[in-house]
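Both complexes below contain chain A, partnered by chain B and then by chain C.
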Partner chain A sequence: MLLAPSVDDVKAIIRASATGVLVFSLGIALLAPVALVLGEANAATALLVGAAPAVAMGVLGRRIPTSSLRLTWTRAIVTATTTWIACACVAAVPLYLSGHFVGVDAAFFDAVSGVTNTGHSLVADLDHLPRSLVLLRSWMEVAGGAAFLFVGQSLLEARRALATSLTPGDTMGEHVMPGTGKGLRRTWRTIAALGITGVVGVGVALSVAGVPLASLPITTISLVAAAATTGGFIPNTGAVGAYHSVVVEFMLVVLMLGGATSVGVLAAAARRQHDRIRNDFSFQVYVGMLAAVLAGTMVGLARAGTFEAVVPVARHGIFSAVAAVTTTGLSTVAPELFISDFGVLAPAALVTGMAVGGMLGSMSGGFSTLRMGLLAKGVISDVRKVLQPEGAVSRVGWMRLGRREVLTDAHVRSAATTVMLFLIGILAGATVLLWADGRIALRGALLTATSAIGNVGLDVGVLEPGQAWYVTTTFTILMLLGRLQWLGIFAAIGFVVAIVQGRR
Partner chain B sequence: MTTPRTRHRLLIAGFIAALAVIGIGVQWSHDAAPRVPLDVVPAGAEDPESVEARTLTCERTLPDAPTRDLEEVEPVGRVSSEAVNSCPDAFDGQVVVYYGEVVGDVLQRDGGAWTLVNDDAYALTLGPLSGHGDFEGGNSGLAVWLPGQLATLADEPGNADRRGDVLRVNGVVRRADPEDGGGLTLRAIQAEVVFEAQYLETPVNRVQALVAAVFTLVAIGVVVWDRRLRARR
Partner chain C sequence: MARDRRSDDAGRAVIGSDERDRRWQRTEEPTWRRALNGIGSVVVMAIVVVLVGLALSWLATLVL
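After this line comes the complex of A and B, so read on.
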């Protein structure tokens, strides 16, 4: 039986969503003067057309009176979903008005791609896009990545054992209401540290690589946002290889790894709690996954004869593997080359890395290393049960930042459900692509679908401007499902159904 | 006195009306975008793309797969970036002719410069999208190394304000260029500017400016009203 949510529930959700939309829109509005300084008057007005009504609605939404502002589990997850979608709607307006998108659906696709830190794009003629809109793309990634961490933080105590649910965040013992708790301060510090390190390091590396001073700030911001948030929007079509610099690539690898490592682990690293990190199960799986994908990619590249020397194999292999596992989706080569020049094994390893993704509690996508590890432990536990004498009890445990957790059936069931839903999403996305265009190879379709639902954004030339509306819609939904780990969308749909049909 | 139910309905109706007004404003702004297209650049019109290169599609030849006879597919003459990217193996080491617009950042290095040279419709024929609004897919290009004095040719790369210099490059395709850490490159032997950079003269979208002004004034009004109410409390 569904219980209809109270009016107060709805009001609290609107009010909390309004706060998120207000902050996001103010960020867009602040880009308008930047656009004017850059001499992009039409981009400035486009940014205002999108941001101004959203600011007004955000302010009005925050005035809605509620008897309780407490974010319960349901309220929080529905708020997160509505805020993400509302912010994407706001960002889609200036993108649509830029004239670089075939339709509203394509602009909305890019906006969703930005706020979900995916990096797929249907923009036409990116290389002539106004620079202020390049900054807008970076703002979407930063806001989306930060919001993802905060949502994770905000849902912490509501579901203590993360793996027993489909929640997107990492449990670190904070309270549900955002704005309090050392976890949130820790998140801010992490974002700030990543940002500052990135801007200084990448800026210097780009400068040495020969990027002219005039375009250095925007190129730096764009690349740092793309790597550190695992968003993957690049400022031009030339991929990271267009900078022809191993130092730039190294800096981006560091940022990608930082963006896909959980805030808890980064905080432990800052406190020099190396033992805790070493013993953390999620971190162990993350490192193991990176090593496996790296090995698969490099062996694949060597076997395919893509590169003739060891150094290029290592350089492109490391970057591609890190970009896949961290779900950043950046690449050192033109994306088409993944299909035409990388052989079979290397793309297969990369797709596996993309599907699993980075750590929970980070900005990365995928179904997470923790769930992967719990599934493996579940299998091992079952095998042990079979081999042990009847009636014997065995407990399988795992460490989470110094705390011992006991593996339960609920953990394994939840992880298996998420993985199964991901696989269904991949198959659905690939089927739609193959239906829409018979020329697309199965390998390309599976890679693109995995890339979308894993919030990776590595496109191999399949998703291009002018896609059929049902392709853009399907992939927009896949990106949202991937970011909100399905539960958010299910909860939002259930909430609407409960309003209409629920018992009062 | 209105009941809470009526008040809620009025709020929902007001919200939908506001969304409708925003939607109309956005679409009106979009449709009113002024277009001043650049001249169509007939770059390479006298030098059409090689038939073999245009129709060529292949996958990377694996070491244990039968080797392709390069003589059969050897691209002589002009190639497109799309053909090279979809079959880099067949073009490796070939001398080709390539036309394209310099875009993005020109990276000056010792002994030359790295450039990104696009040969899509926005680069070669139609010009930047904002000038005409005709969609012709995405961007496509190759990394081109311009050695020595050739590096000075690419002094005005394309961006939002202009179509960059359009070059005719005669060079060698390197599928895994050892001097670029294994990247796919085109190393220029000769190059010339066939069309100078052209600046876009995009007028201000007056309708969009008007809509932006109205929306901004409304937003400022709401913020001021909100602050006053808060101050009163």
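After this line comes the complex of A and C, so read on.
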């Protein structure tokens, strides 16, 4: 039986969502003067047309009187979902008005791809997209990444227990609010540190690589936002390898790794608590996944004979493996080559890395290294139970930044549910692609579906402008499901159903 | 000269556990230093990834 939410619940959600939309829209509005400076009057108008109503609605929404602003678990989850979707709607307006998208669904697809830090794009003629809209794409990635970090940190802090799911079952606290202050500080510090390092490092590397001074600032910002937030939007057609600079690629590897490392581990590194990081279970699985995907990619590339010398194998293999595990989706070669020239083993390793993704509590997608590790621990626990005498109590635990956690059935169930939902999403996405276009190979369909639901954005030439509406809609939903970890969307749908059918 | 914060008003050393002492030293680091520590760790991680990748690619091309 569903209980209908109170009017205060709805008001609190609208008010909290309005704050998110207001901040996001103000960022878009601030790009309008930049567009004018760049001589892009049409883009400035499009940005204002999109941002102005959203700013007004954000201001009005924040004025809604509520008797309680308490952000309970349900309110927080529904707020996160509605904010993400509302922000994508706002960003879709200037994108659609630019004339670079076939339809509204394609513009909304790109907007969702941006705010979910995916990086898939249906833009037509990217090289002639107004520069201010390239910056809009970067803003979507930064805002989406920051919001994801903020929500994750707030929930983790509020629960004081491991957030392996979005359900409040194992929580110690009912309210999310106590965690928001610390969550905001950690988010801001992480984004600032990665952003400053990236702009300096990538900017210098790009200028040395010969990128013209006129396009240097926007190219730098775009690449840094793409790598550090694991978003993956590139400023021009072509791959990162087009810059022909090992230093640029190394700097992007640094940013990608930083973006996929949990804020807790980064904070421990800042305090030089290296022993805690070494013992952290999630970090150990993350490092293990990186090593496994690196090994699989190298062996696959060597076996397929894609490159003849060691250096190209290493260069493209390292970048591809890091981009996959961190769910950034950047590449040093034309992405179509992943299907045509990389053989079978290397793409399989990359797809596995993309599905698992980076660490929980980072900006990366996938179902996270922690859930992968918990599933493995669950198997170990079951084997132990079989081998031990009847009635013996076996405890399996793991370390989380210096704190010992005990594995419970709820942890394993939660991790298994998420992984299963991810797999269902991959199969659903691949089926829709194969249905829509008979020429698409199964490998390409599976890779693209994994890339969408894992918020990776590695496009192997399957998702292109002019796709059928049901393909864009399916993949838009998959990207949202991946970022909001499924249960967020389910909770929002349940909330709407409860409003209509719930018992009052 | 600023008073050592590990000593009390009378200048006597405040005795605590080694762990607490180390924690105190860590939290007293300026923000820029902590940011450098964090970024430095990520850079070291990237260097390790590159070295491991180079070794693996060399091995893979040698064996296969």
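As a convention for this text, the second predicted complex is superposed on the first by the 480 of 504 C-alpha atoms of A that agree within 3 Å, B and C clash if a C-alpha of one lies under 4 Å from a C-alpha of the other, contacts with A are read in each partner's own complex, and residues count from 1 in each chain.
Here, a residue touches a chain if its C-beta (ideal position, glycine included) is under 8 Å from a C-beta of that chain, and two chains touch if they have at least 3 such contacts.
The shown structure was predicted, so the numbers you read here are calculated from the model rather than taken from an experiment.
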Fit or clash - chain C, chain B, common chain A: fit
Which of chain B and chain C A:273 touches, first, second, both or neither: second
Touching partner for A:185 - first (chain B), second (chain C), both, neither: neither
C-alpha centroid angle, chain C to chain B via chain A, nearest 10°: 120
First, second, both or neither for A:52, with chain B first and chain C second: first
Chain B versus chain C as contact partner of A:250, first or second or both or neither: second
Touching partner for A:303 - first (chain B), second (chain C), both, neither: both
First, second, both or neither for A:295, with chain B first and chain C second: second
Touching partner for A:318 - first (chain B), second (chain C), both, neither: second
A:404 touches, of chain B and chain C: first, second, both or neither? neither
Chain A residues touched by each partner, larger count belonging to chain B or chain C: B
Touched partner set for A:384, first chain B, second chain C, both or neither: neither
Least Cα gap, in Å, left between chain B and chain C after the two complexes are fitted on chain A: 10
Shared contact residues on chain A - chain B and chain C: 303, 309, 313
Contact set on chain A toward chain C in their complex: 189, 192-194, 197, 250, 253-254, 257-258, 261, 266-267, 269-274, 277, 290-291, 294-295, 298-299, 301-303, 309-310, 313-314, 317-318, 321-322
Interfacial residue positions of chain A with respect to chain B in the complex: 7, 39-42, 44-46, 48-50, 52-53, 55-57, 59-60, 62-63, 93, 96-100, 102, 123-131, 209-212, 215, 219, 235-238, 241-244, 246, 303-309, 311-313, 315-316, 332-334, 336-337, 339-344, 464-466
Residues of chain B that touch chain A when the two form their complex: 4, 8, 18, 22, 25-26, 29-30, 33, 58-63, 85-89, 103-109, 113-114, 116, 118, 120, 122-123, 128-130, 133, 135-141, 143, 158-161, 163, 175-176, 178, 180-184, 202, 204-205, 208-209, 211-212, 215-216, 218-219, 221-223, 226, 229
Chain C residues within the chain A interface of the complex: 26-27, 29, 34-35, 37-43, 45-46, 49-50, 52-54, 56-61, 63-64
